[in-house]
Amino acid sequence: MTYAIEMQGVTKRFGPLTANSNVAFSVGTGEIHALVGENGAGKTTLMNVLFGLHQPDEGTIRINGETVVMDSPRTAIARGLGMVHQHFKLVPSLTVAENIFLGMEITRNGLIDHKAQSAKVRELSEAFGLHVDPDRRVSELSVGIEQRVEILKVLARGASIVILDEPTAVLTPQESRDLFRILRGFTQKGMTVVFISHHLSEVMEVSDMVTVLRDGKVVGTKATKALSEDELVRMMVGRDVNFARRARRRSEGSPVLTLREICARDDRGLPTLRDISFEVRSGEIVGIVGVDGNGQTELAEVISGLRRPSFGEIVLAGQSVQAADPLTIREAGLAHVPGDRLRRGVDASASIASNILMGRQHKAPFAARGLIRWPYVREQAGKLIRQFDIRASGHKAVVKTLSGGNMQKVVLAREFSQQTPFLLVDQPTRGVDIGAMEGIHDEIMRQRASGAAILLISVQLDEILTLADRILVMFAGRIAGELDPEKTTEDEIGFLMAGRAAAEAKAAS
Amino acid sequence: MTTSADETRAKTRGLAAARLPAWTEGLLGQLLAIGLSLAGGAVIILLIGENPLHVFGTLLRGAFGSSERIAGSLLQATPIIICGVAACIALRGGLFNIGVEGQLYVGGFAAAWVGFSFSLPPVIHLLVAMAAAVVAGGLWVLIPAFFRARYGTNEVVSTILGNYVAVLFTSYLTISVFKRPGGWSETDPIAITARLPQLVEYSRLNAGLFIGIVLAVGLQLFLKHTGAGYSMSAMGSNLKFAEYGGVRIRRNIFLILMVSGAVGGLAGGVETLGVHHRFMEGFAPGFGFDGVIAALLANGSPIGMIGTALFFGALRAGSLLMEVETNASREIITVIQAFIILCVSAQILVRRRTGQRGERRWRF
Amino acid sequence: MEVLEKIFNLALIAATLRTTAPILLVSLGGSFTTKAGIFNIGLEGQMLVGAFFAVLGSIWTGSALGGLAIGVSASVVMAAVFSLLVVTLRANEVVVGLALNILAGGLTISLTKAIFGTRGSIVSGDIVGLPPIDIPMIDYLGRIGRVLSGYTPLVYFAFIMVFVVWLILYRTKLGLYIRVTGEKPEAAEALGIPTARMQHIASLICGVLAGLAGAHLSLGYITMFAENMSSGRGFMAVAVLIFSNGDPLKVLLGCLLFGFSDAASLRLQTFGFSSYLVLMVPYLVTLFVLFALTYRQRPRVIRETLESLSLMRRAGQNGA
């Protein structure tokens, strides 16, 4: 058996963090090899090392038997590697053919030969069964077709080893199935495919071999046929999955937030939320889970007043707020931990005290007669720093000098100290280390105990399973199903996240 | 090897930081920028065949040579300070009001018009005239402010173009409608009752200076100690954060530009009511732009802006003597001012490259 | 009606083409920076410096071509400083552009006084202007033909450049890379396109065209330099660029509109309207178009209707 890729003893550190530790990863020529693991297990880092985007601290890489120093993506491309990133890098105003030939245009008399480019793309696209119209503008394409353009980009550069990073994360089930068909076609032509995933079902469906990463280390490489889904889950998570970590209860409280038939459109005017209805009662945590980009961001924006819904009704603490601005909604009883901490959650160049003040600069006891009572603000900031265990030199510390976890605690401290009946918590532990994560989870549970209604949005399934009393799965801007965390399985959630109907998901698990 | 070199550098930087308080870094930077710019100015002066030392000496003498000349410097600085306040208001809210010059012209004309058209009791006449200046300045920026707030229309271009219209429009009013019979492109004089009191016998230096300083200090206090000021500076430093925190962005963008324009109008009123006592075509060339530059160099800090405005006032006053006594034209100081901005904008980067991000609100 | 007829005649068309040329040239220059993702408020200053040094060069070399070359070189230097600060040093483009405009104003006046000892303007018999081009045989086309003949070369050049700039932007690698740099720099960088270099190139091309625009002002129909003689045309160009997004054909339309309002206002002056009011017209037209078009481009708020909602529900059920 010949190997297309052999990585040996690869270690990659980012400061104190070790993303890959002594990883051995080999892929045989002509196989579809799945690289799986939870979020943060080091899959993407490993592939970036392979593709020359990161330099490994230790280890060697061999491509088709030859040792290669991957100093840049150029080297990788020259060696026949091609990478399809999770976030597409296409230029919307250009045509498919222009995007594919960007950087290696075909010219005639100094001018770009659009006809020749289109012809080449058409030829390539038909050869691999991709069916892409080379003359369409990328801005008119669906996500699934955009991905095919990215794949064509790689093929046009002569790749025989194709790496796909979470290729199905943004696809509908049908589009995923088409993708798998295309990938099979590649291997029939003798090409090699590596794809990164954490969707178990598709790994089982399409791959020949599986390598599991956990905490930056290889847990094992096995033939897919020799594995059951349960075994795979154990390899990924490192334990038998046990969801019943705490007592849940159906809240008997009254509804604090009610959404009825909410629809919204994104910045381009395309529907992004479709007919969303649910409620959050006091004393319960409702978890929203879904693959990134299925409308969670827009849902948070709509609830907090940063985006106007195009239809539907939102009632917060008895007040109709679907047409209200953020201030009115906050007055009605919202506290909001935003998903994009650095861009929305803080003023990074200001002190902790100044950040704590936001939203209360007009309110007693933080202000009186329009004037800010700075001594009181500083005193409160000091108190919150102790209460939330924010590691900082004091209330004067500038927020951007803090670590991600401590920055997040500043946001939590500000929002949770407002004693509002409703908390919207979006990705509370994204980019936060384990120690701080537990503190943040405890704080959310304390808020629940004190009777707050909490909507928790997260892409971390673990987090939702740990904290939520009820789980809503979002797919393509819709609520795909509601689940009871005590009875559900990860697979059932996985199926719903992939857009299958609830009954089907139940049957499959 | 490189690590140890980096460590040494980090250490020396740490030491330097330990020895000097943070604010001195900014001050040193400003002084360095001014030094470099004067050097650049010197090169230009050499090019035009003059001795830079002689020219700068004359400049200094013209600015500070006698109490009359010091008063002259303060007189020149007065409108720059008020225009600077107008620019600071917009900058701190994250906006550019490059139309201060135009607001100055319409404000100046409105005040003069009240001054020469009505007869009112002393203090009231003055107050009404100043109010007219404020209203005119605000109205002048009304449409750009509305479109910026509602539709995001670029305020830089719309306010700049407004400048040209303002200058032409006030010239039209002066020459075609209100021209003083026998006069040369100027209106009737403003009644004594509407004039700003003079501060000293020997100069036209007037109470406008105090208006400027009070406005600047007031703005500083407003920003630091009021809820509205806090909201406004939050917009300037992170608009998305302010929006998320419940600051009404659109309304505030409108209000900030309107107030900025109103203060720009007041600057014109002070100039006509305090200095010229009439409206003349081209009565205050460049004060609006000087104010914007002064505000930019002070990074939007009103108190710091008083400093830069006084410096610019001295440059202007000195340049008058310089033009008489040397072959250099007074616009050479404009060149120096432009050099200063370019140096400051380049120098921020040096700090950024070394990894010490400046505490500046805007990317210069 | 008679008045209207007097205003709108062939002479007006000719005047429109003449007044359009400089703003068209500078706007086409700005097309490159706009497409490269730079907001170039410094066009005004580049044009002014171009105008001044074109006059200077014309006197020094005794030829219009020499003037053109020196004027263009000067504005390219301004453009280089601009892109050095904005692209390499990542300074704020509005601040740098503003500073360079102020620099251009001060520098040209200072140098005028130093070299010619006058304030305000340079008028001299030594300035060699650009010669008008008579297209041979054009008289056979009658009045229409005469309208197309007798302009200085830069007028023809400006209108030809609309097509050339379009060709560069949309049919060459350079143009493609410049557009990608402005639209999606991360895509460009992922494919090894040097975005910083593209922005520098765009800025320098812009400097060349802005310099030509300036030279047209001072060597075209009037051979003189007056202080601040670009009188806001650079800013009008920026307005054109905002609502045309740098597309050469839309740029042409916008510039023709301003050229026309410029030409029409000059004719209005001959009918006894105050010259001050008349001179305001081009600025007001620019502002009006700027506001009107941004109003039109505002994001539409789309309300879902109940029917579309039930449609969506049905589609959702079918899809699942």
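Residue numbering begins at 1 within each chain, and the chains themselves are lettered A, B and C in the order written.
In this text, contacts are C-beta pairs under 8 Å (C-beta built on N, C-alpha and C of every residue); 3 or more make two chains touch, one makes a residue touch a chain.
All of these numbers come straight from a predicted model, not from anything done at the bench.
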> Which of line, ring, star, complete and other names the graph you get from chains that touch?
Replying inline: complete
>> Of the pairs A-C and B-C, which shows more C-beta pairs in contact?
In response: B-C
> Using mean CA coordinates as chain centres, what's the chain A-chain B distance in Å?
Replying inline: 47
> Using the average of all C-alpha atoms in each chain as its centre, how far is it in Å between chain A and chain C?
Replying inline: 45
>> Report the inter-centroid distance (CA atoms only) between chain B and chain C in whole Å.
In response: 29
> Of all the residues in chain B, which ones touch at least 2 other chains?
Replying inline: none
> Where on chain B is chain A touching in the complex?
Replying inline: 225-228, 230-231, 234, 237-238, 240-248, 357, 359, 361
>> Can you tell me which positions in chain C touch chain A when the two form their complex?
In response: 167, 171-173, 176, 179-180, 183-184, 186-188, 190-193, 299-305, 309, 312-313, 316, 320
> Once bound in the complex, which stretches of chain A touch chain C?
Replying inline: 73-74, 89-94, 98, 102-103, 105, 107, 110-112, 261, 263, 265, 267, 269, 271, 274-275, 308, 310-312, 478, 480, 499-501
> Mind pulling up the chain B residues that touch chain C in the complex?
Replying inline: 44, 47-49, 96, 98, 143, 147, 150-154, 156-158, 160-165, 168-169, 171-172, 175-176, 289, 292-293, 296, 327-329, 331-335, 337-339, 341-342, 345-346, 348-349, 352, 362-364
>> Under the stated contact criterion, what part of chain A meets chain B in this complex?
In response: 304, 306, 325-327, 330-331, 336, 338, 340, 343-350, 354, 357-359, 361-362, 367, 370-372, 374, 398, 400
